[in-house]
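Below is one structure, written out as structure tokens, with a few remarks after it.
Order of writing sets the chain letters: A, B and C. Residues in each chain are counted from 1.
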Amino acid sequence: MEWVAIVTVLALLQCALFSFMVGRARVKYQIRAPAVAGHELFERSHRIHANTVEQLVLFLPALWLCGWYLEPRAAAVVGSLFLIGRQLYFNHYLEQPRDRGTGFLLGFLATLTLLLGALGGAISSLILH
Amino acid sequence: MEWVAIVTVLALLQCALFSFMVGRARVKYQIRAPAVAGHELFERSHRIHANTVEQLVLFLPALWLCGWYLEPRAAAVVGSLFLIGRQLYFNHYLEQPRDRGTGFLLGFLATLTLLLGALGGAISSLILH
Amino acid sequence: MEWVAIVTVLALLQCALFSFMVGRARVKYQIRAPAVAGHELFERSHRIHANTVEQLVLFLPALWLCGWYLEPRAAAVVGSLFLIGRQLYFNHYLEQPRDRGTGFLLGFLATLTLLLGALGGAISSLILH
């Protein structure tokens, strides 16, 4: 499961990086906590990070269950597509929120693949043992 | 732990479904990203999903630790109450936010039961081994 | 891994407590759902909890991977610094948002240490086996 662990750490570091961008935008556009609105570019950063956290909550358990019940290296490969999707989402959303669909979809389809793999794997394991 | 894995995947699919409802409400009520306010019914969908993500962050580790240190099938049964609670929360909140208490409480008590089971199981295991 | 499990349950109970504070502030300052703005002190509670959820999503996988691939008791000790950091963050943010930095930083550095430990441990394990 080492490759699964490495993909996990990279996804978490990516999310931590996105949270730094929110902090930087907060300073740059002078949005004082606890406010989370007031400048379009701050709000974009904030929504990118919030959406990434929401997606990680689905992605990480799906990645590990698919890796455990089906095949760890295949799960790690699909998992790395999630990272690419999130990077596209970040880049496009920041430039033009309308264009965020492609990156979101790539990440979400990776998660859905892992979720269905996990479900199939767990049910097989239940029947066979 | 297969039943625990199956309950996990179902909870994640339920959360993914709630996130689709947010996306649909975003289109229907024409709330342009990055805005997250502007129409009462969009805001309800958005809060239902955000609250579900917050609860999953507590629920999933509690489910797995209780399943591991105490009893997996009992944990899966309590875990399925979480899913029912979240469905009630979704249905009631969308209709009338004031009525969201019952579903929230059912889900939260399931999580709390699992958390206390996990704590007791881990402490027992620490003492016995 | 029992100490890692105990630190996990304590971090989740702390987060549940923060969510109760949001509920209490919602009643006290009469912020009707689905609104999440309208009174400075409610917004502070709400942001404390939201930020804690975001940090838990990074912290929990980092804690477990570092505990698994490096050393469980060391991971639990670093993990308990996260709890202290979050408590400082809560106390200071509620009083004066400007002072939230110290608690945030302590928690975040604990998470970063665990993440780097996890990455190093997983890579070592990949090379050695």
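Here is the rule we use: a residue touches a chain if its C-beta (ideal position, glycine included) is under 8 Å from a C-beta of that chain, and two chains touch if they have at least 3 such contacts.
Given the structure is predicted, the values throughout are model-derived calculations rather than measurements.
S.K.: So what angle, to the nearest 5 degrees, turns subunit A so that its CA atoms land on those of subunit B?
M.R.: In short, 120 degrees.
S.K.: Counting shared numbers against all numbers at the contact of subunit A and subunit C, is it over half, same, or under half, different?
M.R.: On the two sides of the subunit C and subunit A interface, the residue numbers are mostly different, under half being shared.
S.K.: Hey, how far is the Cα centre of subunit A from the one of subunit C, in Å?
M.R.: For subunit A versus subunit C, the centre distance works out to 19 Å.
S.K.: Could you list the positions in subunit B whose residues touch two or more of the other chains?
M.R.: 53, 57
S.K.: Of all residues in subunit B, which touch subunit A in the complex?
M.R.: So the residues of subunit B in touch with subunit A come to 2-3, 5-6, 8-9, 12-13, 15-16, 19, 32-36, 49-50, 53, 56-57, 60.
S.K.: Under the definition above, what is the set of subunit A residues touching subunit B in their complex?
M.R.: By the definition above, subunit A touches subunit B via 40, 43-44, 46-47, 53-54, 57-58, 61-62, 65, 69, 93, 97-98, 100, 108, 111-112, 115, 118-119, 122-123, 125-126, 129.
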